[in-house]
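Presented below are the structures under discussion, each in the form of structure tokens.
What follows is a pair of complexes built around chain A, which joins chain B in one and chain C in the other.
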Partner chain A sequence: MVSYRKYLVERTLTFIISMFFSITIVFLVPRLAPGDPIKTALEQVIVGGGSEIEKTVEEYKRMLGLDKDLATQYIFYIKELFRGNLGYSIMYFPTPVIDIIMRAIPWSIGLLTTTTILSWIIGTFIGAIAGWRGEGSRFFNILAFIALGLYVIPYYIFAVILAYLFGYIIRIFPLSGGYTPGLMPSLNLEFILDVIWHSTLPALSIILSSLGWWFLSMRSMIINVKGEDFILMAEAKGLRKNRILWKYAFRNAILPQVTGLALSLRNVVGGALLTEVIFAYPGVGYLIFTAITNMDYPLIQGAVLFLIFTTCFLNFAIDILYPLVDPRIRYGEE
Partner chain B sequence: MPDTLLDVRNLIAYYMTPTAPVRAVDNVSFNVTEKEILGIAGESGCGKSTLAYSILRLLKPPGYIRGGEVLFKGSDLLKIEEEELRRIRWKHISYIPQSSMNALNPVMRIEEQIGDAIINHEKISKGELRKRIEDLLVSVGLSPSVAHMYPHELSGGMRQRVVIAMAMALDPELIIADEPTTALDVVVQRGILQLLRDIRSKLKASVIMITHDMAAQAQIVDRLAIMYAGKIVEIGDANDLFNDPLHPYSRALISAIPSISEKKKLKGVPGFPPDLRSPPPGCRFYPRCPHRIPGKCNVDEPRLIEVKNDRLVACHLYR
Partner chain C sequence: MLSYNRLERRASTLRRLFTMLFSNRIFTLGFTLFMTIIIISLIGNHLFPQEFIRVGNFLPNQPPNLEGHLLGTDSLGRDITAQLFMAVLNSLQIGLIAAAVGTALGTIVGFMSGYKGGIVDSILRIVIDAFLSIPSLIFLVLIASVVKTVDVWSVAMLLSMFSWANPARQARAQMLSLKERDFVYMARLSGMNSWEIVIKEIMPHIFAWMTANFTNAVLWAILTESGLSIMGVGPQGEITLGMMIYWALKYVALFRGLWWWWMTPVFTLIYLFISLYLMHLGMDEVFNPRLRDKRG
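Coming up: the complex of A and B.
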């Protein structure tokens, strides 16, 4: 247990240090950038006289603490961060940035959790059967080849292909948005179905891109396990092939696969930013994209920081929980 | 004359390799009668495990059976339908593998693994099944609580006992034990041998007991077959064979048994076994044989013939 405590301290320090650097960089970049981002941004939003803009800029600067020196600003910034205040959006003024992010988060997490799990289930089961059939089955060899293709192609390529295929050629799925505009977001069947319908293409593109990996890893795991003595023993016991596959081979091969699933959950927020952009899906990725195109600095800063934080935190959480869950590491300590 | 249970005839099993096949089991014939323990001894690599896999039809690629028959109570195990074979396995022939360390499924409790073998072949109530598993564990000297454990919670010797219990679960007619003691340390080995000797008297089954440990063989077998480089070179009554080995290889092997009383130096068998991809012509023991007859032994392959009552030898010295 001593080594685990040391590991815990190490991970925690890494987490704190990376967060500190991220905050500092996110704080500094817009301030060191040439020009006055606030003025530039406001000039695009507010039509009208110069003095009006000057006054608003001054107002903003005071609100954001930009009239102070850099060190004071930095301390203020961090203080506000700890209170959960990420500032105010410019394009949705005066909505706090944190509120906008909170609205986008469920979309990203919902999409990625669902697709990760679906893809894991499909890939794992087909992979298990493919591994069990072994290298001798032509059908499954072709499947493995396709899986390899899916695995090496970057995920956003699928989004582009699907968008083209279904958006222009077979127009059966909507090309953008999370739901039909005008529909009231609520927990009724109509809205849920509408969301599923809108999510089909983004979901499909994510599933396709991760399916190959789950398939290949499960397949090779089963092929490995097949050579184990306890499989030979199960066969000698006269068990049916199916029983040997599911009770002996699968149950052993699934352990690393479950680990893989747990580890991949670290990407549930920022795992498909470009997919969201391509399908104008109202998650964090698309939020950052619109914030950038609108030069909404506080929103960009807030969203990027939030993304960094959740990703770092999920990594941190998985890193410290993993040794407690995986029996192999635990037994190693005994 | 006791009934023949297993009759192995001209069995040939090779391993495919890029150069030439490994002739691991090359024209092996022997039989096992009811309730007898047949020992199979020979240096490591002479094809003992391959022989066991072949009899059980468990040989995996690149291994393949090139020919021969494995007649179990008259029906050829190598030819019967998969489904029929499945029903014979464990119910009639069970198996104790070479390394029982890995023979147990790491993610299943012991009771589940023994139970799996039983419910696969018999209809039995839950209560009876539990009772049966506990009795089996007790019969191999384990506590009934082992039933609820996972393999990693058991020592090597305990796992070996579990596998032995499993092999006896369905009262099979034949048990094939492939080096059941080699992976264990000496003290545990002695315990397992004691156990095998104990159950030997209670057992109604025939046993094929494979080992390269001649001392272990000496203690429990009725008949003994000596294997060399994929072939049986001598087979006969165990006592008789131990006292009066005829084949030069058998003599070398038996005189190599360390004996505490005589304080004899362990000699081993000088030389190395041949590469089974290109075994020497004639007698395969020729290159190492102290009594070889040049011009004969390296030309003519000696056949396994009866040279005295219940003793078959494949050697040109005896004709």
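Coming up: the complex of A and C.
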């Protein structure tokens, strides 16, 4: 356990350093940028007399502690962060940034968890069958070629093409939003079906692009396992082919796939920003996009920091938990 | 004489490397596709006058035609063919700069970390890991959104901030395994200092790995640039493949039937990704001894 303790310390340090670095940059960048972003942004929102703006800016700066020197501000900023305060939005003044983010988070997490698991299941099973059939089957060779293509092409390219095909050419799916405007968000069947209907295209773009990788890795894993002695033994015993695949080969090949799934869960919050932008899906990605268009810097900062924190934290959690689950993982040593 | 021999040997190593690469069909295919689009864009960019991409220069929304606009014009009255050539060159420029800076920086950091060992290594490794765990696109969105006037160069520099960590981690691992080899001991015994050993003895061994890594980094940088542009924080004043998609999306080209506008950058990106990936795949086959042995 000594080496695990050392590993734990290293991972914790990595997490703290990445967070410290991120917080510092997120804090510094708008303050070192030329001009006064907050004033510029407020001037855009508030149409009115100069004294009105000056007063709001002053008030705003006082709320954020911007009237003090940089070091005091920094300490204040970190203190507020620990209290869960990410500042106040300009677009929706005076709503706290954290409230707006919390409204968007379920959409992002819902979309990404569903698609990650779905594409993992589909890719793993088809990959297993393809690997079992081996390199002799023409159909599965073509499939492997297509999978390679899916793997290389980024998800937002799929999003654009899907939006065109199923939103413009064949108008089956809605082009934007998370649900039909006017519908009350609640937990009834009508609303849930509406959300699924709106999420199909965004989901499909993510599934398509991650499917290829799951397929290819499972396929090569099964091909490797096929050469093992215990498979030969099972064949010699005269077991049915299907039984050998699912009870012997599949079970042995699945572990690295599970590791892969666990690792990919780190992107479950911020992994589909661009799909959200293209489909105007009400997740965090689209939130950041609208905040950029409206120059709502506190919101951009808050959302960015939130995404970095969740990603780094999931990363950290997976890193420290996984060796406990799978003892074969060595503690970060090459 | 001795130095001449060494030069000769290194030249022949390079030559052998290229012969090996170009005897690989996948690499050659990728390389040919890649060079084709670069050469076409270079010539095209040279032939088309600058005002072809000026806003309002032509009748907007023209579909592709043979009377001057092979790929049509956009809603801002710019010729799309001329934009494409410029975009390919700009996107590649971003990719190449970011990849070059990232690979160079990463190799130096990784080498230092692996070669020195001890406390330096511990610190550098944690910093490398920290950079790898930060989601780069999100981070870059923030910086680019505040620095309002980003151009091709500054986007490339921003991307370099994150493109060094991955090569650094790999360079470190390479160094750890190489520095224990006999020829390095030999070199040390013969009185070479650390830098000489790294440059003369270790560099040739990882040159192959560096080129494969470089290709991957170019791909990543082009991909991230498009991502940044679609988020609305790309180089607004210039034309890259990502910015072409951004403008097409902004003017709803998708749902107004202006297919020639958005399809041009989208399919060019797919083409670029595939050609770069084929090159990477081919290099992997050539340089990775385990894969090579499998093929026989």
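Assume the second predicted complex is superposed on the first by the 327 of 334 C-alpha atoms of A that agree within 3 Å, B and C clash if a C-alpha of one lies under 4 Å from a C-alpha of the other, contacts with A are read in each partner's own complex, and residues count from 1 in each chain.
As a convention for this text, a residue touches a chain if its C-beta (ideal position, glycine included) is under 8 Å from a C-beta of that chain, and two chains touch if they have at least 3 such contacts.
What you are looking at is a predicted structure, and each value in this text was computed from that prediction instead of being measured.
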### Query
Are chain B and chain C a fit on chain A, or do they clash, once the structures share the same frame?
fit
### Message
For A:Gly167, using the defined touch cut-off, is the partner it touches chain B, chain C, both, or neither? Pick first, second, both or neither.
### Response
second
### Task
May I ask you to decide whether A:Ile318 touches chain B, chain C, both, or neither, giving the answer as first, second, both or neither?
neither
### Message
Contact-wise, after the overlay, does A:Arg240 reach chain B, chain C, both or neither (first, second, both, neither)?
### Response
first
#### Entry: Where the C-alpha centre of chain A sits as vertex, the angle toward chain B and chain C in the overlay (nearest 10 degrees)
80
### Message
For A:Leu274 in the superposed arrangement: first (chain B), second (chain C), both or neither?
### Response
second
### Task
Please work out whether A:Leu118 is in contact with chain B alone, chain C alone, both, or neither, and reply first, second, both or neither.
neither
### Task
Look at the residues of chain A and decide whether chain B or chain C touches more of them.
C
### Message
Let me test your reading of the model: by the given contact rule, A:Ile109 touches which partner, first (chain B), second (chain C), both or neither?
### Response
neither
### Where chain B and chain C come nearest after superposition, their Cα distance in Å
9
### chain C-contacting residues of chain A that also contact chain B
none
#### Entry: chain C partner contacts - residues on chain A that touch it in the complex
10, 13-15, 17-18, 21-22, 25-26, 29-30, 33, 37, 149, 152-154, 156-157, 160-161, 163-164, 167-168, 175, 267, 270, 273-274, 277-278, 288-289, 292-293, 297, 300-301, 304, 307-308, 311-312, 315-316, 334
### Contact set on chain C toward chain A in their complex
122, 125-127, 129-131, 133-135, 137-139, 141-143, 145-148, 173, 176, 223, 226-227, 230-233, 245, 249, 254-255, 257, 259, 262, 266, 269-270, 273-274, 277
### Query
Which residues, counting only chain B, touch chain A once they are in their complex?
56, 58, 60, 85-91, 94-95, 97, 99, 101-108, 116-117, 120-121, 152, 163
## Note on the structure
So, in the complex, the side of chain A touching chain B is made of residues 228-230, 232-240, 243, 247-248, 251-252, 255, 331
